[in-house]
Amino acid sequence: MKSIFDSKSLRLIAAGLVVVNGFFPAVWILLTSLKTEAELVSKPITYWPHAPTLGNYIQAFTDQPLLKYLGNSLAVALSATVFSLLVSALAAYAIARLNLKRRQLILTCIVASSMFPLVTLLVPIFETMRAFGLLNSYTALVLPYIVLNLPVCTLVLVSFFQSIPKDLENAAMIDGCTRMGALVRVVVPLAAPGVFTAGILAFVNSWDEFLLALSLNSNPNFRTLPVGITLYQGEFTFPWPIISAALIVAIVPIAVLIAIFQERVVGGLTQGGLKG
Amino acid sequence: MATATAIDRLRDPSEKTLGVMLLAPAFLLLALIVVYPIGKLIWNSFFDLRLSGGSGIKFVGLENYALVFKDPDFWNAAKNTVLITLITVPGALVVGMGLAMLANLPFKRKWPVRLALLLPWALPLAFAGLIFAWFFHTEYGVVNDIVRRAVSPAEPAMWLLRPNWAFAAICLTIIWKTSSFMALILLAGLQMIPKSLYEAAEVDGASKWQQFWQITIPMLMPSIIVALIFRTITALQTFDIPYTMTKGGPGNSTETLAMLIHKTTIDYLDVGYGSTLAVCMFVLSLCVTAFYLKRIGKNA
Amino acid sequence: MMRRTYLTALTAAAALVVGLASATTAFAQQTTLRVFSGGANQRPDLMRKLFDQYQAKNPGVKIDIETGGATSELQRQYLSTVLNAKDSAIDIYMIDIVNPAQYFGAGWLEPLDSYIGKPADVLKPYLPVYSTSNVVDGKLAAMPAFADAMFMYYRKDLLDKHGVKEPKTWDELAAAATKIQKAEGNANLQGLSIQGAPIEGAVCTFLLPYWGQGKDFNDASGKMTLDKAAATKGLATWLSMVDQGVIKKNVAEVKTPDTVNEFKAGQVIFAINWGFAWDRFKDDKDSTVQGKVGVMPLPAMTGGKSATCVGGWQWAVSAFSKNKPAAANLVKFMSSPEASKFLAQEGSLLATYQSVYTDADVVKAVPWFKDAANVVIAGKSRPISKDYGQVSDVIRTTTSAVLARTKTPADGVSEIESRLARVMR
């Protein structure tokens, strides 16, 4: 019985469908960013712009300090990712490897923090940040983002650490490593796909986050991209072309990052390590 | 004998201390950021705290919870939320699994499929909802344009104005957006499966289908569970996509629990009742995922 | 002898210099006022110019503008968090005309009686609607910034071409629209465009035909006085126009920008929209209807009277501000007749004073204000309630559901009544 994974042409068709599925909305946004608002109500609808214009990009950058927002988002997302991974890796190792009595409770506590809708936690978090004088800063967002990413990253890393046989660490420790040394030199490299996966999840979560960014960093100097993009609209206006241009600016860095790191996430780094 | 003694020496006497040290950063942050908010939330749920009333705070004990059980809006929202969860969690898993396996195949140029896989994840959630609302728009949407050209130029369907179709459109959008998340986790898990297992099975004469069910799925189970836990938790908290696509309409046929909580807290300024609803959502999430968490906790 | 006098003089001079220096420092002590003034449609650029004028006249005051949300919805999201946390960072808020009652009731706004005056006296020269919308519990909760109302825009050229007069009732409008649509033979030409999506404007969509029958939604004390038969008839009027093909079938998807864009593209004969649309039709580069647009009061129901929905924005002082007197002073300036005239001339923002509409300079700068004046002065306000968030949500979602035909008008009105009966007593 020939399955889809055998036939080359079927594979290509499937791949084609996947590519269309993933790219279509992004391409639609790109095309919209080159149109004028009047063209959007033409019947029948148009796909390719009648008279492609870069005016929307110019306006996107002049109406608001888009580059500054981009910089803020990058700074916050990168810091949050690095620290999320750090904190999660330590916690995940403790849960996966150490013989702790209340392991399940600890894990449940960490995951439970994500079971409350953020909108109901906003005011107290705002008060906490204000009390520490952290409002309108990168720290104001990075700290909550670490907490927001903690459940996913910890759980992903726990499951990856668990799938690595203990013998490898024990072998390293017999060779003279400390436990921490074994973590860094044996476990993390072997769980690299898991680490990069947790990293990308943390990054995209932090990049996309809206509610906290809106409430804590209202100063334009610290505003992040998702909040900035909502400011192009008005009470009565929703300029899709300009917003599309801003969205492209928001998506491109992530797409580039993904394209660069997808080898690392998916790559066969571990193909050899588990032979023992 | 010699190995046993060596390992004895290696066993840290201070495993507990090490555990505390490793978990400290995480719990410190949790304490700093969410313990006070969650505590305040649970506290508020026992009070009649309506800002618009201006009448101050009144302790009502479990009365809010009793109100929740009698509230038809709560049951409507809960029903919608559970339906969305039941549809989009398996949906995203199946689509995500397919995407992950396709991305794992040895194509000559791998980046188009992998980028296509992750691009939906890159689009901010609120705007994904707005874009798909545009795709399903009666007059300006791509869906109706394709239907008109390919099928028939008859009366265009009003997708978002019919409760069932709107619901379907929302589920579709959610699956589109979240299958990337699933695929990412599953892909990393797929990478950890040694090729040798497949080679051995091939030698034994197993078909690709058999290999899938007997090697891939069991080896992938930990990743599947992790993916399911978070997909389920976020599905129960679905907000952005229905909010931007239909605002809960028509009527409140697509209103989810998270939307009800948002409306109660932000628009109605009924902080007490909103907190009660949030606690109910937490209990629901905990019950649903407890089973999965047990499995992970058990694995040594 | 000389030296002593010299020393005394020197000491005296030094004392004088120090004294003057400290006095000037005291004068130079700056108050910084932070103003939250909405999004792009609230013209922060014009507000900035007014703030600069104020800063020039009051050297000790510096004014910073904050933006925290482009739409009423996003602003409410932001303000709800910040004000719930009793934050003192922002001194003055620009809020929607429907918000004073709710925000004052929540304890977020400072009553302005002690700073500006008693409501009855202060609000007399303004448009009548503010005497109800800005007064909560007998106190002055907010001062008007600029006004807005829903107008009936129409294609003068098409009406002239087919010899149709300005309709005075909804039935006349439906007949006029049908006549023109048939004659033009353009499948994409809409007779009337209204907003049916569950946005704030849908509250107006519900109220317009209801008010047009001479009915009121609530009495002076805030108690609901819903006439169910009239409300059902109002909603049924819209639906009958959909059946006649005057209003398009997917009206429940139409938002404010959609009406404007479609009218600009020449696809609509009659359109209901806010005041900002006039300039868009007249000035936008991609507008195909320049010079072809007329504006008239909203039609009445047969046997009723014309009524429109008033919109616009208000200035309010935060109850948590640390600079209340200075803030109240700025609010007084921003709601003065001079400020209103400036906003009218520079931005075509509808004036909050009756007198400004007949001011010679204003009429020269914005001639359509002459037609607008009667509409705005006769405008009615949406229900004033401390629970306006809930009132608005119920009315707009139910209206949208009725227009989407997932509920009958009768069921929709019953639902509105039962849900709001508790709230508006």
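To keep things simple, chains are lettered A, B and C as they appear, and every chain counts its residues starting from 1.
Heads up, the rule we're going with is that a residue touches a chain if its C-beta (ideal position, glycine included) is under 8 Å from a C-beta of that chain, and two chains touch if they have at least 3 such contacts.
Given the structure is predicted, the values throughout are model-derived calculations rather than measurements.
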| item | value |
| --- | --- |
| Chain whose Cα centroid lies at the greatest distance from that of chain B | C |
| Pair of chains whose C-beta contact count is the highest in the structure | A-B |
| Chain A-chain C separation of Cα centroids, rounded to whole Å | 39 |
| Inter-chain centre distance, chain A versus chain B - centres from mean C-alpha coordinates, in Å | 15 |
| Multi-partner residues of chain A (at least 2 other chains) | 40-41, 43, 123, 230 |
| Contacts with two or more other chains, residues of chain C listed in rising order | 77, 84 |
| Shared interface positions of chain B, touching two or more other chains | 139, 265-266 |
| Chain C-facing residues of chain A, complex | 36-38, 40-43, 122-123, 126-127, 130, 135, 211, 214-215, 218, 220, 230-238 |
| List of chain B residues in touch with chain C within their complex | 51-54, 137-139, 158, 160-163, 247-253, 263, 265-269, 271 |
| Sites on chain C touched by chain A in the complex | 38-42, 66-72, 74, 77-78, 81-82, 84-85, 87, 89, 188, 255-258, 260-262, 264-265, 267, 274, 276-277, 286 |
| Residues of chain B defined as touching chain A within the complex | 3, 6-7, 10, 12, 15-16, 18-19, 22-23, 25-27, 29-30, 32-34, 36-38, 40-41, 98-99, 101-105, 107, 110-128, 131-132, 134-135, 139-142, 145, 148, 176, 180-181, 184-185, 187-188, 191-192, 194-196, 207-209, 222-223, 225-226, 229-230, 233, 236-237, 239, 258, 261-262, 265-266, 274-275, 278, 281-282, 285-286, 289-290, 293-294, 296-300 |
| Chain B contact footprint on chain A (complex, rising order) | 1, 3, 5-6, 11, 14-15, 18-23, 25-26, 28-29, 40-41, 43-45, 86-88, 90-91, 93-95, 98-100, 103-104, 106-117, 119-121, 123-125, 128, 143-144, 146-147, 150-152, 154-156, 158-160, 162-163, 170, 173-174, 179, 193-194, 196-197, 200-201, 204, 207-208, 210, 225-226, 229-230, 240, 243, 247, 250-251, 254-255, 258-259, 262-263, 265-271, 274-275 |
